[in-house]
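In what follows, chain A forms one complex with chain B and a second complex with chain C.
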Partner chain A sequence: MTLIASNLSIKYERNFHLNDVSFSMSKGEIYTIIGRTLAGKTTLLKTIAGLISPDSGGLAFDGHDFGSIPVWKREIAMVYQQFINYPHLTVYQNVAFPLKQRGIQKTEIHRRVKAALSQVGLGGFGDRKIQALSGGQQQRVALARSLVKEAKIVLLDEPLVNLDYKLREQLREEFRGIFDTKASEDSILIYSSTDPVEAMQLGGQILVMDEGRILQQASAKEIYENPISAKVSQITNDPAMNLFDGRIEDGCIVLSPEIKFNLPSHFNGLPQGDFTFGLRAAAISLDDNGFPFSVELSEISGSETFLHVRHEGLKIVGLLNLVQNFPVGGKVSIRFDTKHLYAFARDGRLKSSPYGGLQ
Partner chain B sequence: MNFKHKYMFLLPGLLVLLAILIFPIGFTVRLSLSSWDSFYPGLDFIGLENYIRLFTDDSRFWEAFGRLSLLSLTTVFLQYIIGFSLALLVWKEIRFQRLFRVLFLIPMMTTPVIMTVVWRTFFNESLGPVNDFFNLFGMQPLWLSSEILSKFTVVLVEVWQWTPFMFLLLLAGLLSLPKEPYLAASIDGAGPVRTFVYVTFPLMAPISIGAIIIRLIEASKIMDTVYVLTSGGPGTSTETSSFYIFIKGLREFQFGYSAALSITYLVVMIISFTVIAKILVKMMVRGE
Partner chain C sequence: MSLFYSTLKYLVVTLWSIFVIAPFLWALTTSFKDFQSVTNGATYIPWVDFEPTLDGWRSLFKSPAQGGVAIVEPFFNSVIVTAAGSGISIILGTLAAYSLSRFTFRVGPIRNGDITFFFISQRIMPPVVLSIPFFIMLGKLGLLDTLFGLILVYVVLLMPIAVWIMVDFFNKVPIEIDETALIDGCNPYQAFFKVVLPNSVPGIIVAGMFCMIFGWTDFFFAFILTFTEVQLLPVAIVALNSSITPWWSLSAAALVSVAPLVVVAFIVERYLSKGNLSGALK
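So, the complex of A and B:
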């Protein structure tokens, strides 16, 4: 069972919402589409669902043309970022709705609805009205409605984005459990997110989208280790990977007259010349023997500190363990962990990664 | 501010309420207990005599009431069906949507009495254009002087005149519906008909009930259409309660008796609308 998209394009006025999108997805796998806002993720999911028709290109499911099948006849379930339910129905009636449309017998509906509700932790909530539930519970109802259908394709469009932090963390863990069961059955699960951490946690296959295009499709591990371009590295890291222009010159990397360091061994095969170098925030640390930078901002996030520093035109963000305070404008010494350095060509293509990608 | 002064601000409103609502009702109740007519004007006291007469010796009022129920329920039912259909038609993006919306509202913008005169001319049995058409087939229906057809004509005029009001309320309701349940319904496998039955109709229930009750209240006062179109005739076949009360009060000048009719009519209407509203809520709001 495969879902194949061939050259899907959708254009509104002058902007492409989908630009020549092609992919192949198989059952039993979780696919995470990651991209920034307006990257085309929701448009792609709606196109798969049949809510939007592509201007060109096509979709085939199990060898059959998907485009000619109306939305309500596609075996698809979808959870949106808004908590979309039927406000006039109870929790039970909401979850039973898709089954009633299929004319399934009452006893079977009852069995499946009860199972789905207990799967999402809403076992005793069947008689409640939707408005009487919290945001997280409403989203669980939507999730139960998508599970109960036992659809061939389950689309989840940033389902956690409108929840508060704690609930998001909790549901994310629960989702993982539910998805593993679901994906191991007979479904293709497609999850869209703007959050790299979420995408990496879910694992599976990742499709990186930007400006309506799919930039890279690979496993989570591969995307993390070998992003094919500087853009992908930025989209799939939070905070975005630090990128800075420099040169390889006489066995050294030169970022500025004051900032030079030895070429790491994994760059040995690279020729001399101009490159864009990339380094994750976690590979930046404080070191008395490091390079001088001035503090622009320090942000505390949980038990970590994001340190924004600058040296002339070079701006980088470091992720430091523990909560640390730095006065704005103060001086710090920064060390680059060059073992984790990436090299991109000036047009953004990956030239070398610490995990052995390209050369 | 002194506590008593606060009540001074309420006084203008209370006085207006007293003048336009409480006094007329109170006076009508008192009037209904009198025998005031054109021969013996004056507020004498005859107890419940008028009411006893109404319940024991005036089948014409109850027949008129039955007719009123038939006419108002039929017209409002048709107005709801047609109004909802038209609202659904221009709810979705269609060509000339705005033009249609304005066209559908035109009947409501016209003066009811003048339009009824036009309709009367239209349905005139010997000179009207409707019968000119039917004459082509050798028929001459008695639109205004047949017992059944005259009711049909009253219903037709009322439906034509007031369907736009229903259309307007229901279209406003449709336009205010949330979009999300429709997304969910299409994904959940509901086609256009099922989406209407399971999503649009239940979501529109509160608005529908409001619109139906407003129109029923208006329709129960049906008077001008009957007055101009048939004058309650032929015989009493289109005579409604309000028209009968008008005859007793302002043609026969039985003020005391017509006041008793009015009070009875008011009480019956309040009870009827309460019951109707409860039935509508039960019928239309699922899952309550």
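So, the complex of A and C:
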């Protein structure tokens, strides 16, 4: 069972919402589409659902043309980011709705609805009205309605984005559990997100989207280790990977007249010349023997500190363990962990990664 | 400070209530008066200032030949015309509004917003401008002075109100609800009737109430397009005004004409007071 997209394009006025999108997806896998806002994620999901028709290109499911099948006859389920349910129905009726539409017997509907509600932790909520539930519970109802159908393709469009941080963490765990079990065995599960952490935690295959294009499709590990371009590295890291222009010269990396360091061993095959170098925030640390930077901002996030520092035109963000306070304008010494340094060509293509990426 | 504002608030509300209720109380007391009580100076309190009588109310049910004003037939004519006109307007208006809210129409430079404005523009024109073509068209169709003719005219007049209110309502209902219904196995018609329509009841009630108010209180078209066969309530009430106006009958008839709207207003008050109709959908 495969879903194959071939050269899907959708253009409104002068802007591409989907631009020559092609992919292949197989059952039993979770596919996470990651991209910034307006990258084309929702358009792609709606195109798969049949809610939007592509201007060109096609979709094939199980070898059949998917484009000719109307939405209501496609075996799909979709969960939106806005907690979409039927407000005039109870929780039970909401979850039973797609099964009633299919004309399934009452006893079977009852069994499946009960199972789906208990799977999402809403066992005793069947008689409640949707409006009486919290945001997280409403989203669980929507999830239960998508699970109960046992659809071949399950689409989840940023389902956690409108929830508070704690609930998002909790539901992400639960979703992962649900997807790992029966729900995903016979389904293709497609999850869209703007959050790199979420995408990495869900694992599976990741499709990185930007401006309607798929920039890279690979496993979460491969995307992390070898982002195909500087843009992919920015989209798939939070905070975004630090990028800075420099040169390879006489066995050294030169970022400025004061900031030079030795070429790491994985860059040995690279020629001399101009590059854009990339380093994750976690590979930046404080070191008395480091380079002088001045503090622009210090952000405390949970038990970590994001330190924004600057040296002339070079601005970087470091992720430091524990809560630390730095006065704005204060001087700090920064060390670059060059073992984790990436090199991109000036046009953004990956040239070398610490994990053995392209040379 | 808060006591001052609270007192001021209640004072304003009380004064406003008196301002609104006073005409009704005046009409109510007048409806129980007779000729003497009305013409011999101002009187206010029954059994104290004047002896109440049911003559004004009785006259509503008597024929003019018996000295009555016979508003029963005009009352039911108004009920039929308003209910049918409002009902048809709501049905057609809701369907039109849903289409205008959800589908894109393009005819040359004309877009959805222009079509919605075209509907509303029917209400912008002064009634007298519309009355001449209505009069000519109904005359040619042989529908002047008939209930059916009036219903047709009222549909034309009321449907813009329904379209206007319902387009705004549907625009506030997330399109994702329709899409979810499609994904859950409904075809577009089922999605509308099974999901969108049940969630649009507040909007339909509000639109229906406005249609009923406009239809029930219309005097102009009821006056222009009817002669002797069909008479609607507002026309019948105004017809009571003569050289000797029977204020007691006029007051009773006015109260009868207001009563249905008061009942409807009480029933739908909770929908009106919500303000934001989309609140029906969390």
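Methods note: the second predicted complex is superposed on the first by the 356 of 359 C-alpha atoms of A that agree within 3 Å, B and C clash if a C-alpha of one lies under 4 Å from a C-alpha of the other, contacts with A are read in each partner's own complex, and residues count from 1 in each chain.
Here is the rule we use: a residue touches a chain if its C-beta (ideal position, glycine included) is under 8 Å from a C-beta of that chain, and two chains touch if they have at least 3 such contacts.
What you see is a predicted model, and the numbers here were worked out from it, not measured in a lab.
Q: Do chain B and chain C fit side by side on chain A after the overlay, or clash?
A: With chain A as the common anchor, chain B and chain C collide in the superposed model.
Q: A:Ile130 in the overlay: touching chain B, chain C, both, or neither? Say first, second, both or neither.
A: A:Ile130 sits against chain C, while chain B stays out of touch.
Q: Per the contact definition in the header, classify A:Arg102: touching chain B only (first), chain C only (second), both, or neither.
A: A:Arg102 contacts both chain B and chain C.
Q: Applying the touch criterion given at the start, work out whether A:Gln93 contacts chain B, chain C, both or neither, answering first, second, both or neither.
A: First partner only.
Q: Taking the superposition on A as described, I'd like to know which of chain B and chain C A:Val71 touches: first, second, both or neither.
A: After superposing on A, A:Val71 lies in contact with both chain B and chain C.
Q: In the superposed arrangement, which partner chain does A:Tyr80 touch: chain B (first), chain C (second), both, or neither?
A: Touch status of A:Tyr80: both partners.
Q: Per the contact definition in the header, classify A:Gln138: touching chain B only (first), chain C only (second), both, or neither.
A: A:Gln138 contacts chain C only, not chain B.
Q: Which residues of chain A are in contact with chain B in one complex and with chain C in the other?
A: 49, 51, 70-72, 76-78, 80, 82, 84-88, 97-98, 101-102, 145, 149
Q: So in the complex, the part of chain A that touches chain C is made up of which residues?
A: Residue positions touching the partner: 46, 49, 51, 70-72, 74, 76-78, 80, 82-88, 97-98, 101-102, 130-131, 138, 145, 149.
Q: Can you list the chain A residues touching chain B in their complex?
A: The contact residues of chain A facing chain B are 49-51, 70-73, 76-78, 80, 82, 84-90, 93, 97-98, 100-102, 129, 142, 145, 149.
Q: Which residues of chain C touch chain A in their complex?
A: So the residues of chain C touching chain A come out as 174, 176-177, 179-187, 190, 195, 198-199, 280-282.
Q: Give every residue of chain B touching chain A within the complex, in rising order.
A: These residues of chain B touch chain A: 178, 180-181, 183-191, 194, 198-199, 202-203, 205, 285-287.
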